[in-house]
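Presented sequentially are two complexes of chain A, the first with chain B as partner and the second with chain C.
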Partner chain A sequence: MNEAHGRLVPASYDAVVIGAGLAGLTAALRLAEEGQRVAVLAKGVGATHLAPATIDVLGYDDGPVDSPARTLPEFADANPQHPYRRLSIDLIRASLDWFKACLSDHGYRGGLDQNLLVPTAVGVAKPTALVPETMAAADLRQGGRFIFVGFRGLKDFFPAYLADNLARTPLPGGAAVTTRVVELSPPLGVARDVSATGFARRFEQADFRESVLAELGRHLMPGEIVGFPAVLGLEGARKVWQELETRLGHSVFEVATLPPSVPGIRLYETMTGALRRRGARLVVGTTVAGAEGSGNRLEGVVAHTAGRPLTYRANSFVLATGGFASGGLQLDSSGEVREPVFDLPVAGLPGPEEPRFERGYFDEHAISRAGVAVDASSRPIDGEGTPVYENLHAVGATLSGAVPWREASGNGLSLASGYAAASAILEAS
Partner chain B sequence: MLVRDSLDHCVKCTICESFCPYSQATPLFPGPKYVGPQAERFRRTGSSPDISVDYCSGCGICTQVCPHGVKIAEINSQARAQLWEERGIPLRNQLIARPSVVGRLGTPVAPLANWTLRNRVLRRLGERLLGIHRDAALPLFAGRTFQRWARKHVSPAAGRTIVYFHACGTNYYEPAVGQMTVEVLEHNGFHVVVPPQDCCGLPLQSNGNFPAARAYVQRLAANLAPYAREGCAIVSNSTSCGLMLKREAREILDVEDEDVAVVSESMYDLSEFLFLLHGRGELRTDFKPLELTVPYHAPCQQQGHGIGKPALDLLALIPGLRAIELDADCCGIAGTYGLKKEKYEISMTVGERLFSQLRESNGDVAACDSETCRWQIEHGSGMHAVHPVELLHRAYGLGAA
Partner chain C sequence: MPTLQTEVLVVGGGSTGAGVARDAAMRGFATALVERGDLATGTTGRFHGLLHSGGRYAVKDPVAARECVVENAILRRIAADCIEDTGGLFVSTPWDDPGFGDDFLRGCLETGVPVEEVPVAEALRQEPRLEPGITRAFAVPDASLDPWKLVSACTRSAAEHGARILPYHRVVGLELHDNRVVGARVNDERNGEELEIRADIVVNAAGAWAGQIASLGGCVVTVRPGKGIMIAMNHRLVNTVVNRCKPPSDGDIIVPIRTVSVIGTTDIQVADPDELEVTPAEIEEMFDEGEKLVPGFRKARALRVWAGARPLYTLDDVADPRAVSRTHTVLDHAKRDGVEGFITIAGGKTTTFRLMAEHALDTVCEKLRVDRPCTTHEQPLPDSEDERFYWLGARVQAQEPVPGSEEIICECELITRRHLTEAIARRRPTGLDDVRRRVRLGMGPCQGGFCIYRATGILHAFEHLDHQAANASLVDFLQERWKGVQPILYGDQLRQARLDDWIFQGLLAVGHLPE
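Our next item is the complex of A and B:
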């Protein structure tokens, strides 16, 4: 060993996925389900903990989208660079079905044919394709009388703001919604302020639920639909939700809070748990910062560890590092956009004379469509359309051509593109 | 890069808060983001705003999960040092942070020392006088040091030489683990060198005594550096002390020292090293079957290495052995944290998720890379816990150490 402990390399994997957001976890789990030996390498935990765990496939085109299945073909035609142009309706549908089966404990409802309409934390009626069962009763399309429950000590949920905005929101088909608010003060112990996860843990305790039920029962009027902040338990959420519905005799649903997103944590825990059970290795807290390969074949990626760099070898690789927000794309002060792991070509950039940013924060900024362009097998391509590596695939928010926060398409894109990349890898092997 | 510079990358996404096992267990710790990046602006004025950062255990999970590369645990560790510099370090923390001093005192009188440690009356007295919780999992002195065994042991000549950093836990409490480590390495064709060595300073660092911690780690690195300069790999079965040499001395203690730098590049966790050998086809796999169910807990400090879970990969090589990957984050002990009177209950609350997973696993024996975590696991779950190398040693048929 005297000469050469530096040459040590770890045993190889079938697939290495870089990034642990929904796109990366989807690709990894699909591959692990098919018997591949998978490693997931992540700098940190992804956007699952920030987003509400609904699957928004396409929420807005010119206006709110009623049926993604109906709108997607013309949307893709009008946006030829959009990732949905490459992902067929059948594939998106298959990815949703796979997701519902994989998260069967969460009882996801909905589908591609008809968007649900659920209130956000600020009272916007958001079109979305799939919601966990605990959110389904929020569907605003039929209208209804809603009561939103707040908790003293929960600093990340503002029911009055939500209820006021929602009551003023015009709904399709003239559905009528009335809203009101009740604030409860269940015992919190010595804690001064409690996070959403802190409330979620308390909701797993029977005596806490009893105190909420007793206090809330006095306030409800017949027929009201009851909206809680999304803090109804962690692993046991579905049971908590069922108990509240049964005991109150009212429909009950959850509304996403400000981060941390408890439904997102449930999603992450279920998917990473399934990965562990299938023997996949999850390494969170390591940054991938380089590649090893010959010609157009990638042989390994080099990850930072506490000691020396470590090479992970695999037959195929999936880049799922996200967009600008997570560092999967970087914009420097001179205006250059880079993909930092493989230095892949970046597509979707505005021309040299065109502005990158508009003046208004909520305007559509040209830079936001920047990202990595891929071929039909989800492989990053150069300007000529040639794959950079024959065995590297890119998924999720790293892809060019989409503006997920305007389209309400983020999780849908992550899910469908992660699923598609796994399919391409499985077909090739 | 100074760890405090990473603070600017904090976008207050709260991911660290939702993972922190300690803020879940006690309202006295408001969370890593609060006491770290957020409170840092108050500390720059020269005084610590309150004592809450002392309830951070330093497990490091916040840093691992942060998607923006903020060195939260490291910032908190430095903040804790500032706090105790301002207030003066309590005697108890000075004592439990010096395992090699305690070890040297206790070893010659091991029967008496162990009787004291098991005596309920004296433990209650110890809690009153010293603030060490009466029920905390304190290890028993072996009565013979690993160093003494190593001095007499003749490691067979071999083509390859490796240096073994055994750390204090092995030396004073678990010399058998050290012997097994040496025998497993020799079985794989290494000549094993055990240089003289003292504490790495990690407990002093986590108790806020940075000057003393620096002195310890620099002395240790000076002993190990000549081997590293010759190109020898250094392995340790103590995953937290190994991490101290790999990274924490440089990153948390800001030690700029050539010896530390060269040692950190040659430092391997034992399981990491053995599995890397396997990747090169150089690990002997003449394992006898072991019909055992082994729940495996990767300690927080092991996860801090950023190398995955090589121990699980090694255990998978043993025929008949069924390893179960547990997903609880922290056992609650965090080195010396759970020994403290005011923190023992918190530590047991944090560990409960792990303990219940262990109890439900129907395991024969638990595996875990860190010594203090193993003691806590045995205390909290009642299940015997071993270093993975002990299972390799048994499967190689190397006999009782």
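Our next item is the complex of A and C:
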């Protein structure tokens, strides 16, 4: 303990989690649920605010994946360095169940056996394992007559483009989809440029909903399924969505669109709220840049705050700082890849003569699978397979071996690896 | 085959061709311009954006320097909207021979480049990020020049004087009749249709590609394309054009242009101006040289890298491309090769494009035996009539009266929905990449991460594109951006690129768009 700073020095914890994306929040919440004293230290909000709140476990292998449960064993065999190789189907299934229970007021639907197909904002039918209830009516597997709603003043959603593509998307089993579009001009006051979160706040206001309902009601035809951009409220989303369904008399769903992700913000708020209720400490706006330890045991991490460095001590630590997108991995101008918090060994790097990037944007780039390799207990390992610290675990996009944005595996990996690390910590204690 | 009749046919839609078309049309000639791609996509759209004061050439290339002095002053009058009056500095860094400053000063005085030595402290006050160890600094009237605006303004002016401007028309053959070029066969690259253009005279203004066009007329013009690479950094590291005060060499200029700053350049002779490989060694050299002008350069965020091909022309075989004068020559193929009705304007650079056009048209007048004086130096280009220079705050200023009153489609470059739809309506683009050059769409720090989806949606609706055309435009734009990003992808720009991957491949799954 740092005596010089007296009472400002934080107490020591059972576990310190670095990073507040889905992987970090999952590990932290599971540990907190089991009675551990947990601190989450994060530089900022995580990828929750960028990604749709769907749980994509495995969406694409060679082509779209129908059943992750069926495809995963083969997928793991073909990709021996992939994190899914270490995460059993049972564990992934348990993590999904845990997540659904923990986010019960989001009403997540789906599971590991059968992917749903939901439209992206460009009209691709994307496979995903779990969706919040506000997105469930989008499921394209049965086909249907869809109408997509745009709003004047919302530049992040173009329903006509979405509808054009979706109508031409071949669906499994020959399910038939028809699409059409309506653009509404709800009252926005003087504002002409309203963000997704701006619309979400407006949807929490009854008079705004009334004007949308009045305008939209005139356009709907019986049996149409109504797709909105994912802006249907923040804390009150469930109520907003239910009201729209009830009052319109149609199934209603949300389509994820450009960041900031409104459904992702809801997910973050629910998980961090649950953490706080369980007494966990959440520090957002602090950068962890150093470790204290003896031998192969980590004693504490040093966080930079506005004033001075602070050491957070704990029995176990979880690294959930993300990949290159989040700064959890860094590539410098000389081509060196670093994990900046613990300077952990980085695996999955291209060879010295191998180009880091291909010329085709959609090609797979050699550097994409770079990251931290871990053992069966989720602990970062060196080239010999030895854990770097006996009490440090790594989760989420920091891990090597995956290309989550191509595989549509991002949130699935974060959830399962975060869950697995918490299990390993709980077992060890 | 449809036929178009004209007096002057200009081949090439860079600054030279656009200048020639404008000059020809203003002298009263029926004029047509053909360009194989979009306007300003060859060398003009790939230069660093420097309007030379002449200082760069003052010591080694006095002819080019004198031309720059005159043309710089003319362009400030006629093309103000394309110019940001940044001013320029030549500084002696600790790595440069301090004695060169005297040569430089003498060269400037001899060639008429306006120059003033400024105290080092003042130069550092003006540009605080400059290397603090500089020993001398000289102020010159360098400026930054927006090449797309320039070419667009020239071709609009030409069209106002009756010229036909035909981008995406590739010359596939020249029609020869009794040793006389009487026209050209061109291919409309958008629909594959051929068109015959009959002309009294063909002006080859194809720059680095002039040798290829000349050979279609059976003439040999030895262009030695000089490859130069440039790297755009994500913000304005300097607000003044900064040059190393030393003989011209690699990576010795940083040009602040619009929202970015561009470091350049290299000079490597290449065989084919369409094959411009950017090598890691060249990139490293730019970073190393950048550090000498602006310490910490390497830690700044590099947005993208590209290469352009200087249209160097010389009769002699030379080892060092930098030894070739940057002035220009008008080649009359009648005198030179016995082919009538065909001239080539060879060499030169964007700063002197107007003078090149004037010289080309003087030759045209001479050959057609008419006496029509040049007026391009007197009449301002469209949007430059009030002689007000462009300034960086222009787009912010336009938003200021009522913030939030317009949708901003590209936040990096402050492009509004209205601005974008106007550009689409004016250009009838084949894809987003054409719109990009008009309004700088996707050219800021996020390299299109947020605006490409929006712009695709707007283009799809506005032009009533089918899903295939809209998808092709989206995918092509992503590929085009990637090309310039991937060789320099590291640090925070990799973070940005990875966020873009999450948006386009993760969130939108554009890799799985329907056929």
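Everything below uses one rule, namely that the second predicted complex is superposed on the first by the 419 of 429 C-alpha atoms of A that agree within 3 Å, B and C clash if a C-alpha of one lies under 4 Å from a C-alpha of the other, contacts with A are read in each partner's own complex, and residues count from 1 in each chain.
Just so it is clear, a contact is a pair of C-beta atoms (placed from the backbone, for glycine too) under 8 Å apart; a residue touches a chain by one contact, two chains touch by 3 or more.
All values reported here derive from a predicted model rather than from experimental measurement.
Colleague: So, A:191: does it touch chain B (first), chain C (second), both, or neither?
Modeller: both
Colleague: Touching A:50 in the superposition: chain B (first), chain C (second), both, neither?
Modeller: Both: A:50 reaches chain B and chain C.
Colleague: I'd like to know which partner A:422 touches here: chain B for first, chain C for second, both or neither.
Modeller: In the superposition, A:422 touches no partner, neither chain B nor chain C.
Colleague: Just checking: does A:357 make contact with chain B only, chain C only, both, or neither of them? Give me first, second, both or neither.
Modeller: Once the two structures are laid over each other on A, A:357 reaches chain C alone.
Colleague: Which holds for A:212: it touches chain B only (first), chain C only (second), both, or neither?
Modeller: It touches nothing on chain B or chain C.
Colleague: Mind working out whether A:327 is in touch with chain B, chain C, both or neither, as first, second, both or neither?
Modeller: Both partners, chain B and chain C.
Colleague: For chain A, which residues belong to both interfaces, chain B and chain C?
Modeller: Comparing the two interfaces on chain A, one with chain B and one with chain C, the shared residues are 50, 190-192, 259, 326-327.
Colleague: Sort out for me which residues of chain A touch chain C in the complex.
Modeller: The contact residues of chain A facing chain C are 47, 50-52, 59-60, 64, 120-126, 153, 155-158, 160-161, 164-165, 168-170, 190-193, 256-259, 323-327, 330-333, 335, 356-362, 404-406, 408, 410.
Colleague: Spell out the part of chain A that touches chain B in their complex, as residue ranges.
Modeller: Residues in contact with chain B: 1-5, 7-12, 39, 42-46, 49-50, 189-192, 195, 197-198, 201, 259-260, 265, 272-273, 276, 281, 283-287, 303-308, 310, 326-327.
Colleague: Note which residues of chain B are touching chain A in the complex, please.
Modeller: 13-15, 17-19, 24, 27, 31, 63-69, 160-162, 190, 230-233, 243, 246-247, 264-268, 273, 275-280, 303-310, 312-313, 325, 327
Colleague: Tell me, which parts of chain C touch chain A in their complex?
Modeller: Contacts found on chain C: 287, 298, 302, 402, 404-409, 417, 450, 453-454, 456-458, 460-461, 466-467, 470-471, 474-475, 478-479, 481-483, 486-487, 489-491, 494-495, 498-499, 501-503, 505-515.
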